[in-house]
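Note that subunit A is present in both complexes that follow, paired respectively with subunit B and with subunit C.
Here is the complex of A and B:
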């Protein structure tokens, strides 16, 4: 096989860029596609505009943002970046359909690395569709890349290690942070102490954040969560309560805050729409619905397609870095550029690190495992599918009429048929149907080609 | 007369109040709902909207108003009209000099 054919990498986040750098170190060219204007993925993308100082971001994050840019800089002879570029899906054998502004074109590959990361899980509750309710990662992007405050008085609600981190960043950015609401109980964290100590530095950083919150009088409430939000055009109030072990709000424990923006974070879902369109083999996954099958080298059921990072299973930045490098090493070995001995020597430390990351992550996953009580946060008229304006009552009706799988639910109610292709409402629909039928065998909302809408203008000007 | 025009333009300009650090770099101006606003090359439309405190952004095909939700191109809840083109994602469209941005417009309502 020719070593000059570039490997195509979808996603310039941690997984994609570490794969590109590892390939470059072996002298292999790559083309990296990303929909954003900068590399680094949602976590390490950094400011979009020039900024002399970033007082709200800690020095470790600033260092990582500059590291990833430096690594690209050092290896750019081997890496062709194509930013602001969307992958729309497969285009025949060994080819992708891509869009850059109004230009739609095909890009062929011999080997493909899918590193599309994740998006956030939506947990609908009464009022969640109003302006002012934002997903936690979306809030973070405004702080890190937009350099703007999405609100003036805010609270952070959900579960997971990102909650205190975002609360600290918001406070340092000048936002009045009124409280952090973690659905997991403090005793759950104590139980997972051993798992969390697999990454002692991360655990210590977490402790540092908690003491920052205490020092700045930002209350951290464990075992509490969202009930609803209310307002006129924009939200102006959020209502919280203590949760039971199954995360049902407990009557009579409610509190309210006056605020203009609420950050909601109940975890992440793999972006595996592309691997689904390629018809790769997937397993059923309690976190993301589906999980593409990969071997220890991140190789999928088609041997020239690799999947690395959060798009194959949510592990965060360190896991993504390791998986990207393993995929690259495997490609270098298959191209007979690196010997199996060298590849195994490099891979050894990566396997060890990946194992520790997985054990650390499992601790948080057990605490943050979403519980059935979240399904009780919707009133009959609460919107489930924002794109198609489908309320909960429409879903209740068709479940009452005997719908037993997600595709029928979609056909009957139009959930998931809008512009976002169900990425926002799918988690609720999946959980709800699974809960009602006491089964995981309910199918899943299938992604459609193209993965993102193409304007007519692009069709007229682009494909001739 | 020119002074009057300048004054009118000044009064009609939106202030950026939500920037975390003072804007620096290459400045330009864009039109947001027929009002002028300063923008910096490199940033996207969404950060300009947040900077001036504009949270209610999109009117969807069912006449419901939404604001930025995922902030990363997944949810289509921050669609705006850019230079007459509908359904452009504010979170994934970069600022260009003189750009006209209109919020809460919808093609279904305007007709074709």
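Here is the complex of A and C:
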């Protein structure tokens, strides 16, 4: 198939930009859409305003931010960037409906790469909505893009490799970090030693962070996690406890910290709203939520739609880079611009790296597998869906009524019907219903068109 | 794989939308029957996609859902024949449909109380009235013509002058010349109504097989023996077809005859949550508008024959937006939160298909409710219960039986098209 139409890429993060660069190297044009005003995605976007020095960010991160910008710069003849642009959903066959400021328009594609990344998994607990309780990625964005300190006295709680990293960044930014609480046990990490050595450099970086924490007297607590937070207008206390193997807090092991901000991170969820609206085939993945099916070339169940990066399963930056490049190579081959021989030669090293990344990641996924105990951290009146103000007790009621699927749960309680389309509450609802019914076959909250609100004025033809 | 359950049901209801759920509720009230309801949520399920209008007069005279469709049909006819655009004529349904709609409508206040008091579920019944808002003399002529068709319902009709309308609904376009109001046309929350019937039925002992697909129907001779599902075989004496837009496939399996039921797509727009800006439901000749119980303003709806497609499309959404902003100018400052499309179970004459099918025993139809399933769910449930038990019916259902398609040479629908 010979074609000169640009490939449409949704997301200018690591996966999307790697795909655009790889396509450019093959002489293929692309249009890259991103909702943010800068490229790089949540991880490498960097500050919104230019700052001369970023002493709280390590040199490696700064280098990666400038790398991604440099790569775009080197290939920009082939890459059309459309920033501040949101994708609202599919528009009929082979088109996207997009919005830039007040303009809503259609953008047609022959091949589409979805590289929408992930969003945070919100784990509700008693007090989670209180100002000062922040999710880990949000804390990072404040540090990296907003250049503000989220709090003065903070703790970091959750699971995964991001915990020590954020603790280090906060400390370097001048925050008093009181402790890090990792739900996984130290023995779990020891068990996963082999898996983690698949990426020795990353493992070493992790060790480096842990020694930084020790050197700065920031305690790292394993096998412990959040119980609740309290305060008046703002959080002023967080309560932690040792967790059982199923992550239930153990009575009598509680400790409390006085603080003004808490960073909470129990993992991420693939941002799959767009792939769902395309009605692609998905699998249920305990780590990443609903995960679009792809082949080794990142090709989805519709053969002109590719998915790369965290939106097809959380692997982090290296995985995203490789997946973006593989998608691009496959498109170049389908367009008969690169021969299968050249594509396979290039792809070989990518496949090897991706394999290692996946094994490395699987180690953390086993340690950080969410356990049922997390479901016990809500009081009956704890809000689950904050758009529609649905407390846990309302969910208890309809489960008592024998609800068997998430759509009925939604219809009866209004969870997931708010502006965020369930991005916040879906994780709890899915886990809870799955736990109660001992089944994962409960459906999922389906995203609706449009993915973002559209002003009526953008569709109104008349004059007022 | 065949996992025979050792239980036999008196009735299996296929379909858990508002019609199937209502049948389950009414049939289970005496708690003397063993009933199972089988449901699989498919994209386009009309009960969840509905606006929730109980517009008994409005729908019967072609306002609400039908208005865009008839408006466009008139224009297309004019374009096809090369004539000048004729004055829009109301599409008024026959008396037996009025009876069906009005009787059902009259059941809701008591039903709402009953489901709340006895089963603890609230489907948000709201007394709103339905206003047909007029912008010009053509709209007024249309309204006059509607009123001419319903001499028996004068006590439900209320004319509002421009001033009265402005006072009653201050956010509606000030250029409007007035409104025709139907006092008995109200609204509910459609998916809460659906879930309320289901929950009432469950509390009455109906077994709900949710997320369960009907694979085939087992028969012995001309008698239905049970339903093969992906959760196993469910034996029954009677099967009720309440499969909405999917009813034709089910009837084919059960009776060998494909019912003339097909999906009719309707796109809907929902605004962000707003303070109360509309007292009543509204229809113009462009669209209908209803503010729902939680503050969102719902705008509907297109009428498209696109098979089972449920995508949203820009030209149709724009058409709805243009109609809505014209009527409620303040919307232009606000946001659309959601759009979706539902599949109305359409029939050639727009009437439901109720009751038995000649040649098949142990089978009843309760399908084809097209635009008015929410409104007529109550009477449908009651009629099906009475029919099953051999009780006298509240009204003659002959016009709604499948047999009408065998005798009728030309459907009502066709006549309208030719007119």
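Convention: the second predicted complex is superposed on the first by the 455 of 464 C-alpha atoms of A that agree within 3 Å, B and C clash if a C-alpha of one lies under 4 Å from a C-alpha of the other, contacts with A are read in each partner's own complex, and residues count from 1 in each chain.
Rule of thumb we're sticking to: contacts are C-beta pairs under 8 Å (C-beta built on N, C-alpha and C of every residue); 3 or more make two chains touch, one makes a residue touch a chain.
Just so we're clear, the structure is a prediction, and the values are computed from it rather than from any experiment.
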| item | value |
| --- | --- |
| Subunit B versus subunit C as contact partner of A:106, first or second or both or neither | second |
| Which superposed partner A:211 touches (first subunit B, second subunit C, both, neither) | neither |
| Subunit B versus subunit C as contact partner of A:91, first or second or both or neither | second |
| More subunit A residues in contact - subunit B or subunit C | B |
| Contacts of A:4 with subunit B and subunit C, given as first, second, both or neither | neither |
| Which superposed partner A:419 touches (first subunit B, second subunit C, both, neither) | both |
| Touched partner set for A:455, first subunit B, second subunit C, both or neither | both |
| First, second, both or neither for A:173, with subunit B first and subunit C second | first |
| Which of subunit B and subunit C A:233 touches, first, second, both or neither | first |
| Which of subunit B and subunit C A:405 touches, first, second, both or neither | second |
| Intersection of subunit A interface sets (partners subunit B, subunit C) | 388, 419, 453, 455, 457 |
| Touch list for subunit A against partner subunit C, complex | 89-92, 97, 104, 106, 388, 401-405, 407-408, 411-412, 414, 419, 441-443, 446, 448-450, 453-457, 459-462, 464 |
| Parts of subunit A lying in touch with subunit B, wherever the complex brings them together | 35-37, 42, 48-56, 84, 119-120, 129-135, 137-139, 141-143, 145-152, 173-174, 233-234, 260-261, 383, 386-389, 418-420, 423-424, 452-453, 455, 457 |
| Of subunit B, residues touching subunit A in the complex | 18-21, 23-26, 40-44, 46-47, 50-51, 55-57, 60-62, 64-77, 85, 87, 91-92, 94 |
| Touch list for subunit C against partner subunit A, complex | 41, 43, 48, 191-192, 194-195, 199, 202, 208, 210-211, 271-272, 294, 311-314, 317-318, 321-322, 324-326, 329, 331-340 |
